[in-house]
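Worksheet: one structure, shown below.
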């Protein structure tokens, strides 16, 4: 494999907190506090963590949508950390973003066609008719009909809007797409449609994804590698299978155990963490997770653990990563009842049949018409 | 188990009510059409020359009341001019004045608010301070002082009235921009490489335009009243040009002699303000069909 | 209204004081005051006095109020149209420029100071000081010097021969010299001390001036009036309304529009007094204002085109007196009954315009004030409308009252302007404003200048009469103005008030008034 | 399999197990006046809540599950009303009860917590104040100080540390999880028999969600209250509920005990939900998503409302009556004429 | 909280600096004050002396500094008309204007807020529409006209109340109502829309779910939150109130600052105009600081910042 598509090295983002300027004390929000990762071509890297852990900020920093405090960002081998607007303009078209909120991410006053055409206009792609054709192609690509171009976003359902958002991101043929919680605002049934679509697009367009999510189930479905963030830092990163089968960091374990599983027979032993996630304004000393960690030692309270390799391409930031800590792992394997699995497979077959029939019909029409 | 049965409604009653409702919904548009016609073609609508005076037939009551002269439907003013015709001609000046004044305010205020809200930082605090300062001065007093000094020509009035109202527009725009600028679609625009101008005007302005237009309609109503007040203080539009406010203010001196001189322009202004307010409400509903709220 | 205030500004008022006042004013809001008593006379005028010292300015509201406390040497009584002695018992002319004045004996100021020759001399000296009484500069200029002869006699030397001595002496108000020296003009204006029938009880700015009887008044005090309350009510309609509602006994300057309402009430009556104030539309023949109005025929045509009777009859409900084609009133010296005004004749007007070279009409700018004179805007609109009927396209420019005054004073009124003049009751006072050298004269006519100058010096009444008649004739023939009307002042008076007799210059004195 | 069809099955069921049921709803129809006319957000719903048990109502947004809960509380928005059906609570018919009587029930006997703990507390009052208010709304005789003590106790019970201090804090000073605990404390302070929890953990982080779910369970054990849990998350259902009802487009499509439904899901929609949910325990190749999206309320399909999105749809599904409930097994009801799918699609069932 | 107040005070500094500058420019706008303040026939020496005395011969920025310095001492020079310090003239009348403003604000709040709340509560009902229309009509009548009409009806026609002047409470009613007429609609409208927003909020549902009586939900829970934006609007309307005072005081012969202002403008009495504008601006700033403090007191989110 050649050089990674994107390389992010020790980036930091500190905001001044809105504290009083009278007292003179300046507090900082360390939203992102030394994050490094790489994304290879064609790969999906998932960034998971709870709200406020800095995962969305990290994504925006990587895209240079926000200015970083320190660190380095390389994209396609080029250092874009301090690129000027002009240089950035050229890079932008190859890295795009899909947002969480399908309602807020589309300009409500623009027709869908305009929304999809805008990136083409900005980059001077083609003439009006070529752009129109490209818009139509994009819409087909994400499963929308041509006539949808004349409608306003509010005329669409959440899932359809998310498709529009995806089409916009695809418009300039990017190599990297940041997916910022792309399905967390959607209903379960739509969520499945969109994740499937993202997967399909990835394979057909050989895209790389930086996939931001708080939902470990979705991450398991989407990702190749996973990075777990806690309070502005990555605490563990590993290939998906390794991470889910054998999480090393206590926080990762806590997260995994906390997910309720759709199987009434599996009532997991909760590694219930204590309290709520702390605020990034005054993060705990040492390992940020120590106040909530049941395995915390004195060392954890003082010394922040470094993110170090732990085999299998895994990196963990825990002083006790090598120890065998006592915990009951999330049981692996299908949690679906046989009846349900059987019926779903019928369903899948049914759909496959229908698909064949539909294509057949289309072919007939094409040849006949 | 059915507990509440649908009460059968008389279809006839429903129909009649619906027709009445439909008609009443049409009424504002009819009124607006009349108003616009008056603004555009007062010459064709006015039954008399609005400037033709006759001191003999002054201060006559409406023609349908005892003492009225036929042809002068709403009576005559202190110089014997036809009130109805003056109201019709007054529509043009009143409406153009208030519309233009609002335009001045809206353009200045919206631009300031847009820039302030979008760039934040120093530009923002400068604009906010400017708003604070302007708001700290009693508007009418300033307008009076300025008009008194530079003279009450129509263009001066429009500019001064307009400039007096910019802070409200700036405040509204700025607030709206701030609430919009961090939304994801703005970020999306940035991520597809849109520049500041494009984002400000194509994305942000487009989205807050409706609230600005709605506010502008309300502000228009206020401008009519400001013009009336200035007329009362002797600073309104030059005579003999009729404006509604000026007619009320002139007519109010004759309340002891004739109620109709000030009453009809007063009625028209009230109706126009109600109409404009109603229009604002409808406009908002129309522009934000999916964000309907009061 | 601009005038000199040569003194340095009073910088003792500091911000802490201001803040204190602000606070106290917010906390202590007096909501209650006493109800009007029957022995109280309440008079509503347009404005609050600026000072209670009559010589502070020439505004009649101010002088009327101050005059009840501080008295003048003479008073021109409108009831008999003659000067009556007040603080001067009498005067005699020693020669054409020397007056011997006899001061009334046994009079005391309310602070105990006696009224004597010294007080009169001091008061005249104050009157002569242009820095203190700028508004009276023109009158004061007539006095050369003043000296005390004995305790009751004063000798006044005039600087020139001057015919209107009564008028001059009635302008001079006598103040107690010691007290004056102590407090100065500003404080004196706020807390006046005089010899008049009333003394000041309280003065709440812009709200009321309350006076009560001066028990030591030298003369016959008004019957049944223990207190006088002066109320400033700026809005004409509201002032008339207050009278009708019984809140005021006298309402000055009632608008014509309220006249029918007042007439219809049994408790109040309407008093109409021919005013000294005449209204006309002045043309400018100054070089800086070029235009058709330089043409005499045009000016005459305008006079023919305006239906002055209609204006009087309708806009003033007939409560106004016609001008007889001249600026002097019929009872004035110099009035020429032979002159008749230009009649209303549109045909003639059009003809003259054609003759003057304007067959298709002409354009002219017309400036007028809005709210300075009664019905000013209406009159201007009516005139413009009438001119329009003979083909004159009038560009109307309304000026707010203050701006009008500024432009008037700067000779910026241009081609034609509606103006009222209310000089004192002497032909010279009226005519001198047409002297081409006068700061805001809009007429430049050598012949007229000579006549005016001659008239102001002539002591022989017959000769003087002839001079002014000639001037009237000249002005009429030249049609230097459109002669509109002589105004009538309207007063609303409660039926319980007797002997309220205002003068044509809107002055009135309380001496003979009574309340039942 | 024999199919017993009944339009009002829960009436039958209520007869048989009435002693066990705290709250039963039959034929409930809740409608809204909109510009598009009167639409039904809840259309003929039958459910019953067993004493001391948890009934989960699961469905996607817009399926009417929240409106169902608000119908019980009679807190529908101004343009909505219960237009048909009955709600029986401990032998009392709630539909049509005067507002004053309902106020006495709300908070006292049926309490409710909501999705957004951030916005569900009044920002202008201290949390103590808001709890005390709830106490004193139902018992005027309680003095302020007594109520305050009770409020502190309630806060302690939901696991808020330093409750004596926290009681005087404002909602914005608390974290999201703490706020939801306060909501629960407030809801339970009057010891209600029924708690309606409307998506109580949706807005929370997964670790906090776990804590809140544990808390609800332990409180239920402690007080024996019955819970109606409204959620879209099948995981939460599996973990928390005893019974469940799957809602789609204003109707219940499948209901039964949690184990029945999970073990033997019958309705294609239930199946679709299961198929769409990614599993944390397993690497799925591809999710079996449901096609299309939920129809808007004013454009409901005829017959079975799921038919346009259903892979098993046949012509009969489109006619009225296709959504009749039938009892598949004891207490397990399905509203699908094609259930069970194996029997109806034999050719595909291997 | 104290910090908040201090920060708020600091934020008014730019406004405080701008106020005298604008007052200064107001006079300069109309040309050389020498021409305005001296009689027409003043000699050239007198003019030079006047310029020297008032510092008009100095560079403009020096004049500006001098003006600002004096302004903050409350010294605007002598009134040209009255020959008294302009600030004294203003302060003398401030009590009357304050009385009028407070009374009309009282009317406006007592009428506007209940109107708004009731309209919001009965949204789209007849009551709501009636209130909205009544309120719109009252806003649509020019205040001078309303004032004159009220004098005609209540003072002259019915004789219930005096036509004008200041004194007893009865004198206050008509002018205060007239002045309030422009404010009531605004307050009612803002209250209504804020209440509609608040009534939609989740905490309202929570309050109802607790079994609270509806009037407690509306008048305690919602109004408390809706009140916050309403006070801000009221604060901003102080400026409008000051403008309204000009007309109302003229119509009702109310001895206040507004009337002084208009007379001063007509008479080109610039020291007084400057003083009025300056004091009005100061009052506005002070009131708005108070409003913000009240705001902070009412909104714990600000209080505990």
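In order of appearance the chains are A, B, C, D and E, and numbering begins at 1 in each one.
Criterion: contacts are C-beta pairs under 8 Å (C-beta built on N, C-alpha and C of every residue); 3 or more make two chains touch, one makes a residue touch a chain.
The structure displayed is predicted, hence computed values, not measured ones.
> Using the touch definition up top, find the fewest steps from subunit C to subunit D.
2
> Does A-D or A-B have more contacting C-beta pairs?
Answer by contact count: A-D.
> Among the chains, which is located farthest from subunit A on the basis of C-alpha centroids?
Ranked by distance of C-alpha centres from subunit A, the top chain is C.
> Find the geometric centre of each of subunit A and subunit E from their Cα atoms only, then give the gap between the two centres in Å, rounded to an integer.
Comparing mean C-alpha positions, subunit E is 54 Å from subunit A.
> As a quick test, compute the distance in whole Å between the mean CA positions of subunit B and subunit E.
So the centroids are 23 Å from each other.
> Averaging only over C-alpha atoms, locate the centres of subunit B and subunit D and give their separation in whole Å.
50
> Between subunit C and subunit E, what distance separates the C-alpha centroids? Give it in angstrom.
The separation of the two C-alpha centroids amounts to 37 Å.
> Hey, what residues on subunit A touch two or more of the other chains?
Answer for subunit A, listing residues that touch two or more other chains: there are none.
> What are the residue numbers in subunit C that touch two or more other chains?
In subunit C, 237, 400-402 touch at least two other chains.
> Using the touch definition up top, name the residues of subunit A that touch subunit B in the complex.
So the residues of subunit A touching subunit B come out as 60, 63, 65, 89, 92-93, 96-97, 99-101, 104-110, 118-119, 122-123, 154, 165, 168, 171-172.
> Can you name the residues of subunit B that touch subunit C in the complex?
51-53, 55-56, 58, 78-80, 147-149, 151-152, 233-235, 238-240, 250, 252-257
> Would you tell me which residues of subunit B are touching subunit A in their complex?
Per the touch definition, subunit B meets subunit A at residues 183-185, 187-194, 198, 203, 206-207, 209, 290.
> Residues of subunit D touching subunit E in their complex?
Listed in rising order, the residues of subunit D that touch subunit E are 70, 73, 75, 78, 99, 103-108, 111-112, 114, 116, 119-126, 133-134, 137-138, 170, 172-173, 183, 186-187.
> Which residues, counting only subunit C, touch subunit B once they are in their complex?
236-237, 240, 255, 257-258, 260-261, 307, 310-311, 313-315, 369-371, 377-378, 380-382, 384-385, 388, 396-403
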